[in-house]
Amino acid sequence: MVSPILLVAVPLGAAFLLPMADRLGRPVARGLHLLTLLFAGGLALRWLMAFQAGAPAELITTGGWPPPIGISLRFGVEEAVLVLLAAAVAFVAALHLARREQASDVRGLVIQLLLVTGSFGLIMTRDLFNVFVFLEISSIATYAIVAFGREREGLEAGFKYMVVGSAASIFVLLGIALLYKATGTLNLDDMLNRIHDVPPAVAPLLGGVLLLLATGFLVETKMWPFNGPAIDLYDGVEPGVMALVVGTVVNAVLWTFWKVMLLAGDAWVSTVVMTVGMVTFVVSNFLAIRQGRVRRMLGYSSSAQLGLLVFLLPLVRDGHVPLLAAALLLVNHTLAKAALLWLAGLHGGETMEDWAGAFRGRVALGVTLLTSVVAITGLPPFPGFWGKWEVVASLARSPFAWWILPLLLGSLFEFVYYFGWLRAMRPDEDEGAAPIVSGAPFGILEAVAPLLMAGALLAYGLWWTAFMLPPDAVALLGLGLLGLVLLIVPGRVPRARAGLALVAMLVTAWLVLPLKVELLLGTFEGLFGAIVLLGGILVALAGLGTGNERQGHWGLLLVLVASSLWILRAETLLAFFAAWEIMTWSSWLLVRQGRRASRAAWLYILFGAGGGLAVLGGFAVAMGAGVDWIRDLGHLSGLPALAAFSLLAAGFLAKAAAWGLHVWAPGAYSESPDTFSPFLSGVVSKLPVFALMTVAVRAGGEVLGARMLPVEPLHAVAWIGGLTALGMTLLAVFQEDMKRLLAYSSVGQVAYAIVGFAILSPLGWSAALYQVVNHFLFKTMLFLAVAGVIYRTGARRFSQLGGLITRMPVSFVFVLVGIIAVAGVPPLSGFAAKWLLYQALMEKGWFFLTVVMMFASVVAFPYLFRLIHSIFLGQLRDDLRETREAPWPLLAAQFVLLGLIMALSVFPGAFLASVDRVIAATFGGTGLRYEQWLVTGPLGYLSGPGIMAMVMVLFVVLFLFLFFAGPRPVKVKQLDIVYAGEVPPPPEQVHVAYDMYRHYKRAWEPALRSWVVRFWNFVGETADGIAETGRKFYTGNGQTYLLYTLLFLAILGLAWASAAPAGASPAGPGERAVATGACDPGTGPEAAAEPIERDPGAGGTFPAAATLCPVGARAAE
Amino acid sequence: MEIRELVGALVTLGGAAFLFLGALGIVRMPDLYNRMQAGTKATTLGNILTLAGLAIYEPAWLPKLLLVVLFVLMTNPVSSHALARAAHRGRVPLSDISVEDALAEAYGETAEPAKEARP
Amino acid sequence: MNLLSLHALAVGTAIVLILVGLAGALVRRNLLKIVLGFSIADSGVNLLIVTLGHIPGRTAPIIDDPKLLKDAGSLVVDASKVVDPLPQALVLTAIVIGVGVTALMLAFVVRLYAQGKSLDIRDFGRLKW
Amino acid sequence: MIKQLVGLLAVLAVAALFVALLPLMAPTELGPVTRHYVEQGLVENRGANLVTSIVVNYRGFDTLGEVTVLFLSVSGAGFVLRRREGLVPEPQRRSSELVQTASRVLFAPIVLFGAYIFVHGHLTPGGGFQGGAVIASAVLLLLLADRDRLLPHGFLSVIESFSGFGYVVTGFVGLAATGSFLANRGVIDLGTWNRLFSAGVIPVIYVLIGLKVGSELATLLDTMMHADQAGEGHR
Amino acid sequence: MIFIDLVVCLLAIVSAVWAIIARNLVSAVVLAGVVSLAVSYLFLRLAAPDVAMTEAAIGAGLSTVIFLIAVRRTEEEEKR
């Protein structure tokens, strides 16, 4: 095969020839440029395939000499991947930049090509001085290419970058020269061997030399505190150019840093590098949250991502973290950041406000943007997720487990600003602001660049995902894939898409669910799977009737359903977490489709992703104890068990909107698209309950039973659930918006299931599971009914509605049944749920909590009453006279649910008996007995049919009485009130349904003041304030940045000199060197006489245990 | 043998003397133009003499030294000429005792830069 | 080491030049002075590297005299008679690279001046925070 | 002021680091690799100037990079200072007749001298870079004598491109002949020590480097002198 | 000999410091050229004639010229 040296030689030759080619015409020069890049990419690809087939890494000599004599280069898998990546990005960048007017100078092309060539050389070379040469080539090319940008800003940034870069290259050059002096060689592999044979007099000094070198590279990799100029560069330079730099030079420099770090076995320098890397990750991400300028924000993000990779260098070297993990992160960042930068260039918006309505109507670009953001924040299925997981997993098992903490913190900040950016892109529709579409017009060639990158990301990510899925879950993958296809394929035919989604889910249900009901309900997986699929199918059915969803709605729903099913099937921690995160982002995107959901969606994803990080932390604790499978979580004990349980519970409770973490929930439930609210509230909110029951409980293991702590952890959870139920119910009472009312109600009702779970007894779990199914049925139905009302009237506020019973009688029946079920009164299923819950609580002995729960369910009556009263009863408003009944698909979906509610109400025993098998498998026994129609608990029995019959009789009697003997309604004019002198309130406020419970509100005011919201606001404002102040660190003055660089070296140099062993103390160094005789000319060390032809193929096999300073210290004593 | 080396050394010494005179002129002369004249003329000759001395001392270097002499002959006057003109254009004042500014007349300048009192 | 040896002097001068250059780049506000500072520091670095290869009492690595050979028959050079040529080769490269960077920096300065009509680095900090 | 003080303190602390590293800078015997260069340099390359042997052959890849750096900087400077359309440089004052004539006369000898330096690069001190710099000084002389003089850009550019390309091609010849890029042994006869035609492809490469460096530095000077002066101002 | 070296070293250092301090840019550039020249002499003394030549031609010569051109380019417009 062709020698990889051509990867450097051919582009160099081409670069020299470019000016000549340009004399023949610009297309010739451009063609030469593109062909060269194609050649390089093709060559790298061929070698990569050869390596896959088992070929060994290639050692390339130059000048005809073997390694230590001549300069040698290495071309192995790592180099091939980096070169391929660089060539690909450069090729696409060349396409992207082709039309820019600045490219009209051929020197622009020359610089572009040399930028790439320098990176290739930097990636492949194994000679330290050659590293310096190629470092200079790529740096100079970076400096020069800055002139592509808007004139002044780009040049300013470029000059600052040069000032700091010049200092860095002085350090690097000095470091390399001193290393040569100490080891007598420049070849990296040779030096790795010889660095142990350094004369003892100078061995302790190597730490200082490596510090010089490491400082140089920390500057070159733009670590904090040296990242000021680099961030300015992002801000000032044409983004298309920065994408090229990110894809080539940045990776090459990082890889070179890796090579240099091979030398630094010295623990001290390694710690410095790790610390600086992690600090960069956290600080850059943190400062970015206050960054209003988009490109600058991207710069902070790049710095942070690079910081994470630099942090990993010593860990990968010492085998604590696999190289593959870092590689995944790198590939992910390169592709995603390149795509984002190109998009930023296409749009041209400077500040967040400019981005409002970005890419509206350009679906492909919008999807690309979303894909890139989801990828860069490390969410599945993209490569960055797998990389981050692997990093966390291996860190957890290494002695560096505590570093996970800042890692998670930095990731959280990353979510904040990236999702904040997306939030700014889709402001609420009534926030006015027409979309500003700025930026130069662009052609297909420019637009295709980010698409290619995002496509590569997605393909690579899915390829990994296919590996990670359980082998029998192909159906899930198919479902998800179909969803993605629906997402991407253009065209706006919501009904057809809904139909396709419906069919897909039906097929999936056929494939994955066991058909026998007993079997279906007899496992957690089956029970929750049925809920997910049934919910999905019904929502899609309803979608056939509405057809006003935004594009992507049904595709995302399929992805959401697939990921939810995957959560249920997951057996490993990784599979579970991946599915959990996909579920989070796909549901977030669905929430975001609501018309006023900007803020709601933002809060949703912040808490969702933050909860995800808590879950990851919990899993990290588990993995640190050697657990990889969910079923093994039970093996945890002691402190790890408690920590894992607490973190997991926190994560899941955040998703379940437990009190304290519920801030997101009312907004998300109510502002979602009308066809998604039923699914979000009915189905997605059940998944945390599943997770608590199957995952968190196991992690808790014996801790939960053994009462290690003064407070039983689960008792705390139960109280949180109780408070949630009470508080949310109280708040629901005062809502003026029917979806919002249902939203508060949902949060409160799910809390019942949490309380049931926390009781941790067979009876409690029966109650919880019963409540889960129950809530799914009635809340999905209610939300669908409300969706029908909104669909027909367009109104959501109670004061805009009323008297619809005559226009929408069927919907009225559904709502009526629904609220009875919610209220927990006989004869419907809600009663059974509460009956079970109270029994379980009393059995457990938590009497006070029992009282609270009872109070909460009583408080629910007033708000439930409003649903009937304000929507359907009373007098029909004039503007609603033309209203028709909801479309039939909506009604059909509700009808199915109605039937199920009835079945559950009449035969609670049948359901409970099959659920009991799950409980028995968990607890080894059940709390209930079943005889015919009777269910017997510890405190009494329940007979579904009996109650039903009894209530029916009562109801009929009552109804007949009212019908014949009740008062007749009197018709009055609406909104017709006489004023006497006072300022008239807006008509809305005089509606009978407006602020119906205002009197109670006055009484409960202090209790309702949301301390939680205030707390979170305080947290947000404080963080903003600190970030705002922290950003002042970057003064914009190039000299200040240079000062940071020197100060860094000075402080660490002093620290090293004072911490170094006695031999390195500056006292009388000159005499010392002579006294040891090591420098005596003529009697050179014996090593010099050795034959120098060493094993040429020796790679970086560096003994992990070798540290330099202690060796020298011993020798010096 | 020795005679040749001695002669060479003497010639070189002569060159050094001229160079010294040139330096002296630079110190003693009243204004830039006069100093430049002293510096150029004396040093051109001094250089040539020094090189000639070297040629006598080591005859093998003759061709190269000839080239150097040629080079000095061509560059030294031209460069001082250029310098002087540049100084004039830069309005470096003449000394008080100078009587004529031919260049200014050649340019037809009315405002003479000469005779300005030095601060 | 003898403090008045050529080697010691060269090392000392080199280090002082590096520091003076860096200090100049750090303290002076004129863009050209900053570039000048780096240029001086570069000279210092080059001097230091050459000094690293210097061994007192040996000649330059140009073998134009048979006395430098180990024995007359072969072309093997007596390694105890010449200084280390490698650092010299490196410095040759470094000097050229240095002048390249300097030229580019000066081009930036000229361009910045053309746009901002100033040479004060504080006037070129519009991008910040 | 405080910042400058802190800066000086930082420099002093860096000085302390250097002082701590002083023992590393004491003279030491040749290392193994460089010992090979010294002892075997003549045997393997026949070039009297060992530094040249290292620069062009043992570490020839570095030198290719070095040439690239220069090329890149000059292109970069040109790119930064590129002329915007529609801007014509203002005419400059010409030097006196004498200076112009002298510079024209001197041009050829200086170029010749530069060529002499790089042709003898493998024998005496100096080589492609030094010779190239001398050639550039000849060009500088021309430019100084007559600032409006426009260099023959086409010619310079052709030399620049083809000498650089020739360097790479020489490397390919080595690759084809011996399997190693830029190899010297086994490409052409190494010749006899201390003769002009010796040291294999080293003189060839040095000539190419000299031409390239000369033309590049000349372009650089031209770029700097005739740079576009009109700024876009505050946009 | 060593005293000449000492003087040259001092010359280099003094010129460097002066170049940094000097207000006039042209003198600063010329002083930096002096530094290069002195360093070039030291190269010669350190048995590195190749480097000395390069430093003299490129460091002291070409570099200084480029600096001077840059100084002129940045002064010219202030007068206009």
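For clarity, chains are labelled A, B, C, D and E in written order, and residue numbers in each chain start from 1.
As a convention for this text, a contact is a pair of C-beta atoms (placed from the backbone, for glycine too) under 8 Å apart; a residue touches a chain by one contact, two chains touch by 3 or more.
Since the structure is predicted, the reported quantities are computational estimates derived from the model, not experimental observations.
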Set of chains adjacent to chain B and to chain E: D
Target chain E, source chain A, minimum contact steps: 2
Chain at maximum distance from chain E, centres defined as averaged CA atoms: A
Chain whose Cα centroid lies nearest the overall Cα centroid: A
Reference chain C; chain at largest CA-centroid distance: A
Which two chains share the largest set of C-beta contact pairs: A-D
Interchain centroid distance [CA atoms averaged], chain C/chain E, Å: 12
Distance from the mean Cα position of chain B to that of chain A, given in whole angstrom: 78
Separation of mean Cα positions, chain C and chain A [Å, integer]: 49
Approximate Å spacing (C-alpha centroids) for the pair chain B, chain C: 34
Per-residue multi-chain contacts in chain B, two or more chains: none
Per-residue multi-chain contacts in chain E, two or more chains: 48-51, 54, 58, 62, 66, 69-70, 73, 77
Residue numbers of chain A (touch at least two other chains): 129, 133, 136, 140, 143-144, 147, 151-152, 155, 178, 180-181, 186, 1039, 1043, 1046, 1070, 1073-1074, 1081-1082
Listing of all chain pairs that touch each other, if any do: A-C, A-D, B-D, C-D, C-E, D-E
Residues on chain E engaged by chain D in the complex (per definition of touch): 48-54, 57-58, 61-62, 65-66, 69-70, 73, 76-77
Chain C contact footprint on chain A (complex, rising order): 129, 132-133, 136, 140, 143-144, 147, 151-153, 155-160, 162-163, 166-167, 169-170, 173-174, 177-178, 180-181, 186, 232, 235-236, 1031-1032, 1034-1039, 1042-1043, 1046, 1070-1071, 1073-1074, 1081-1082
Residues on chain D engaged by chain C in the complex (per definition of touch): 4, 7-8, 10-11, 14-15, 18-19, 22, 25-31, 33-35, 37-43, 46, 48-51, 54-55, 59, 62-63, 65-66, 69-70, 72-74, 76-77, 80-81, 123-125, 129, 193-194, 213, 220, 223-224, 227-234
For the chain C and chain E complex, residues of the former touching the latter: 4-6, 9-10, 12-13, 16-17, 20-21, 23-24, 27-28, 30, 32-33, 35-37, 39-40, 43-44, 46-47, 50-51, 53-54, 58-62, 82-83, 88, 91-92, 95-96, 98-99, 102-103, 106, 109-110, 113-114, 117, 119
Of chain C, residues touching chain D in the complex: 1, 7, 11, 15, 18-19, 22-23, 26-27, 48, 51-56, 60-64, 69-70, 74-77, 79, 82, 84-86, 88-90, 92-93, 95-97, 99-101, 103-104, 106-108, 110-111, 113-117
